[in-house]
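One chain, chain A, appears in both complexes that follow, with chain B as partner in the first and chain C in the second.
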Partner chain A sequence: MNLKDTSGKVHKLREVKCPTGFTWSNIKAELRAIWESNIKIWKLDLAYPISFVRQCISPFVFLLPFIIYGLAVIGGRHSENLERLVGTGDVVTFVFTGYMIIGFIGTAVWAMGFSIRREQWFGTLESLYVTPTSRLSLVLGMALHSTIHQSLGTAIEFAAIYLIFGLALQIQGILPALLIFALMMLALYGFGILVSALSLILKEGWIVAEGLHSIMMILSPVAYPLIVLPTIAQQASSVLPTAPALVGMRAFLIENYTPQVVGNIFLHLLALDVIWILFGIFIFYLTDIYIRKTGNLAKY
Partner chain B sequence: MKERIMQQSSLRSNYIIVWSEIVKNLKFLLAYPVVFIFWAIFPIFWFIPFILQGEAFVGGLQSQSFAEIAGTAEFIPFVILGAVLNSYVLTSLYGMGESIRREAYRGTLDYILSSPCNKAFILIGKALSESISSSIFAFTQLAICILFFGIALTIGVIIPVIFIVILLILGLYGMALILAALSLRYKQAHDLAHTMEYVFSVFSPVRYPLASLPLWAQILGKILPLTYALIAVRSIMLLNQNLSALYLEVLALLVIDGVAIFLGFYLFNWMEEKTKKSGTISNF
Partner chain C sequence: MAHREENDVYTIQTFNLAKRFTKKKHKGIFGFLRRNQRKEKVKTKNSDVVVALDHVNVNVRSSELFGLLGPNGAGKTTLVKCLSTILIPDKGTAVINGFDILKQTSMVRASLGMVIGGERTLYWKLTARDNLMYFASLYKMPRKETKDRVEELLSIMQLSDRGDERLEDYSTGMRQKIAIARSLLHDPPILLLDEPTLGLDPTFSRQIRSQIKELAEKQGKTILLATHYMEEADQLCDRVAVINNGKVIAIDTSDNLKALVKETELVEIACYNPPPDIKMHIEKRLKDVKIVKLIHGDEKKGSPSRIKLIGGNAEKHISAVMDMLRQKNTRICSLNIGAPTLEDVFIKLTGAKLTETEPGELRV
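What follows is the complex of A and B.
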């Protein structure tokens, strides 16, 4: 196809071939889009260094009240009741191993959930929507950035707690714990995709995100064992990846930790991965179709 | 005679400014009922993990170790009162502290600052509307806690508690004014608000007594109004003390309020002049 300008000069339009379908070239293109999306957010992040530093130390600041409160209620570091419940009485190690994943719930709920909404704020959502890139790549780019960012915060949190309080962790348990963590993150990504779909419809979806975050925080055994929750809450926690992941990670990281939960945590998490990812993507595509049909994309 | 009429008219205009600001902010709040319900209920979800944590670690609802440093063995009412009063910190920092920034987002800041009125009354209106909404939220949370967590509230403690809360609000809005002033000049005051929230969260006795912190942290905690308000309210509600026994806490709150409000207004006027001169009011 040719285009004629006002002076009558004919320009030949350059044909751009966009890879489509489940092909290697398309996968490469989508991976590139994910990477570029991640880089873009890092550039935005690093443009505000004070904000970046604050966000990096925030996991440590939010963890401190849990530890100090724990120490205050038992008057020391060892809780006999906790030992009776889970086999270990070291409250600092117990709370730390629980709290270090909380930031990653934020990755799913806030960072991924609001990746599309953020583009809307910046005024770039429509431009991105007309590119032949998958919308999911935008969300996954944000997920990649947020996971790295949160890992940095967790590393600072670990170093600070280790230096101030000391931690009794089993080094040999780190690798299996990381595997459990990876499985948990996959399910959380599925959850994050679902939240990002909700934020497209609800617009001011921060209430949903904050609500989900608070409920996940209660249903996950972050600062207490699952057994202290009412039975119905314990059952509800099994559909979230954080509860089995925390139990599994603690079993590998803390000596003498004896979880009450029976069953294979790896299989449990794998099942949750499949369910949450498929469900998240399904809802995301349904929302995408709905939002474009109703013309709500540019609305606030 | 003419002077008196002008004074009356000026007083009436200022009253209208304050009233209009309150009505405007309350209209915004009621326009989003979900947001209203969220702030009234969800802060409760944020302290439930602490209650469960305490139960798991202690194996009951009372802790003798806690009683040695807090004066009360019941850690659940301690945490609940801390959380309810802390909600004033959150609403003042993010509500009042960012109110000026919000006007900039809405595109109304230039009109407000160029209007021929004393800006102090606009700020007073904003502070009052925030106080009303914060108090509605805090009251709802407290009512839920009375129903579900067995917090005891007798008629005799209501007036001294309200008095302490008013003193707390004055101090917090003084601090929020400083934030609002900084947001005029430096725009992104959000990080400063977050940082202040961190300071309140760690160094004030919101979830644990001040005595459980190291000495240097206790000293830092003692310059925050929330610390004295929490000590006073807990002493009245949990330890059945009279307000007269808490004169030192009341005095400390009065001093902090005076300093924070004076600094807040002074900084705001100074920053307003600076931004007007530099022409950066409508910058983002």
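What follows is the complex of A and C.
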């Protein structure tokens, strides 16, 4: 970059080394920023050991009531009514396969949703925003961290539940179920990006997050089959990735599971991925412009 | 004062930058119950808008240390935030290192290092090294260069041996040094420093100022220093823009700005036995000195008489006056020079006081 002075003489400005645009070096730099953001969050989490221990224990605390309640009401782990509805009567396996995704709903709504707001609470948001890294990478850093965190937690839960109760799973269904899970996560990331934008504008975004989390919990067939919901709720659940993903994952994972709607689950999830990601990014950039216009960035 | 080679290449240029903020009125929980609420809103409609920047035009030369001086709320931080792209101006634009702040935001950010006011701009639960390593990745520095650069900056800041301590164990001054180190990670040509010595004790303030000066003089960085400490602007900056209520009201070198208020320059000579006609002699010989006063002291009780010269480059005439006094065998016991300050400039230009001065010494 050159500049002319008032006498017309050309001066070379200091070259700035910073990859930009859609180049491989820039993509690499953004990916590194995402990774380093993830590492930073791990370090911050581990700086509060008691909170970290709580995070490790709480998934069990939330899961056990689901299972114990089911066992108590049914009087064992086999439910004939459940078998009539979905083909399998094993309540423990059914509930656990649903429960596995709850933590990932939290990834989108709470972790990603509050990634930017958290930096605002720390006081570091403006320092991050003056760097050339995309703001989206900061949210994705949290997404990566939370996904790893939840995956580790889910793996431990899986091992514990498997040892205590035993799970009737089809091993050959794990890979296709993981593929469905990955497609669900992409859509949830889009959703998380959207919530992160909303939490910056609304400030008390936790109310929105709480509301969205509750709606997702009702519309996602975590502890009951989708078919028990009213028709209108079943239709509404189709805009969320968790409902079709759970139906699809159970179809591959649970023995004798005969879901009503499996057909085009991959296409359904792919469509939701595109919609949620594009919509999330669109709102995120609109919000970015809005808060930079109004000066809300520095306001708590 | 640093005098670098002057040129007319501007690495920071603003073009009619304007920014207004609308303040929401908080009426309390039961505000909606108030009578005449609507009426009140209409009445005070205009007072809700705060003009933060009023068509600001500033040109900062390459390698210049440029001061932005004004009281709290004058618009300094708003200007710095607009330049760093974290605020979008309502009108106008700016060019940083040849890049437009509205269109080339990534390149603008890559060209800048910024020290933002406030203590919590770093992660207190991380070590200084971890903080710098993390921000290096956000400045897209190659991984290979990062470690060496971080060590180099810790060494410059004299914090190498404390690099593995969490920032929560650092003093405010040490944290500010890490904030400056962070702004230098990617070796940017331009630095925006917003109140970098705010809240620091005199020792750290001196160290930070000396580093700022060195960055401009030895590394040729263009520095925009926003401050409300007039001594800081006076001692460090090549040129100073005085800003008030969002308007830049003067831009010049510190000396030229102070020349606007030469009438306040004061020289006071304390002496014993001044000749009674000394006032007349001085007035006759130094015609540009505006006021000459002779105040007789109670010399027998040890209180000397005082001769006061006010205005008209009084400082330049000190030696002439001293010679006159010596010729008349007057015993001189002290000499005080009260030069005009940027505060005087500010008062003259705005009619308001700039700010309270920082406690402690300010020498660089």
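The rule is short, and it goes like this: the second predicted complex is superposed on the first by the 283 of 300 C-alpha atoms of A that agree within 3 Å, B and C clash if a C-alpha of one lies under 4 Å from a C-alpha of the other, contacts with A are read in each partner's own complex, and residues count from 1 in each chain.
We adopt the following convention: contacts are C-beta pairs under 8 Å (C-beta built on N, C-alpha and C of every residue); 3 or more make two chains touch, one makes a residue touch a chain.
As the structure is a prediction and not an experimental result, all values here were calculated from the model.
By the touch criterion stated above, A:Leu85 is placed in contact with chain B alone, chain C being left untouched. By the touch criterion defined above, A:Arg54 reaches chain B but does not reach chain C. Contact with neither chain B nor chain C is seen for A:Ala177 once the two complexes are overlaid on the shared chain.
In the overlay built on the shared chain, the residue A:Met216 is in contact with neither chain B nor chain C.
By the touch criterion defined above, A:Tyr129 reaches chain C but does not reach chain B. In the superposed model, A:Ile74 lies in contact with chain B only, and not with chain C. Residues 48 of chain A are contacted both by chain B in one complex and by chain C in the other.
Listing the residues of chain C that touch chain A in their complex gives 7-11, 21, 62, 78, 81, 84-88, 90, 97-99, 106-107, 109-112, 114, 116, 118-123, 125-126, 130, 133-135, 137-140, 143, 166, 182, 186, 188-189. Taken together, the chain A residues at the contact with chain B in this complex read 48, 50-51, 54, 58, 61-62, 64-66, 68-76, 79-82, 84-85, 91, 95, 204, 207, 210-211, 214-215, 217-218, 222-225, 228-229.
Listing the residues of chain B that touch chain A in their complex gives 32, 34-35, 38, 42, 45-46, 48-50, 52-59, 63-66, 68-70, 75, 79, 188, 190-191, 194-195, 198, 201-202, 206-209, 212-213. Of all residues in chain A, only 1-3, 5-7, 11, 13-14, 16-20, 26, 29, 32-33, 35-37, 39-40, 43-44, 47-48, 122-124, 126-133, 289, 292-295, 297 touch chain C in the complex they form.
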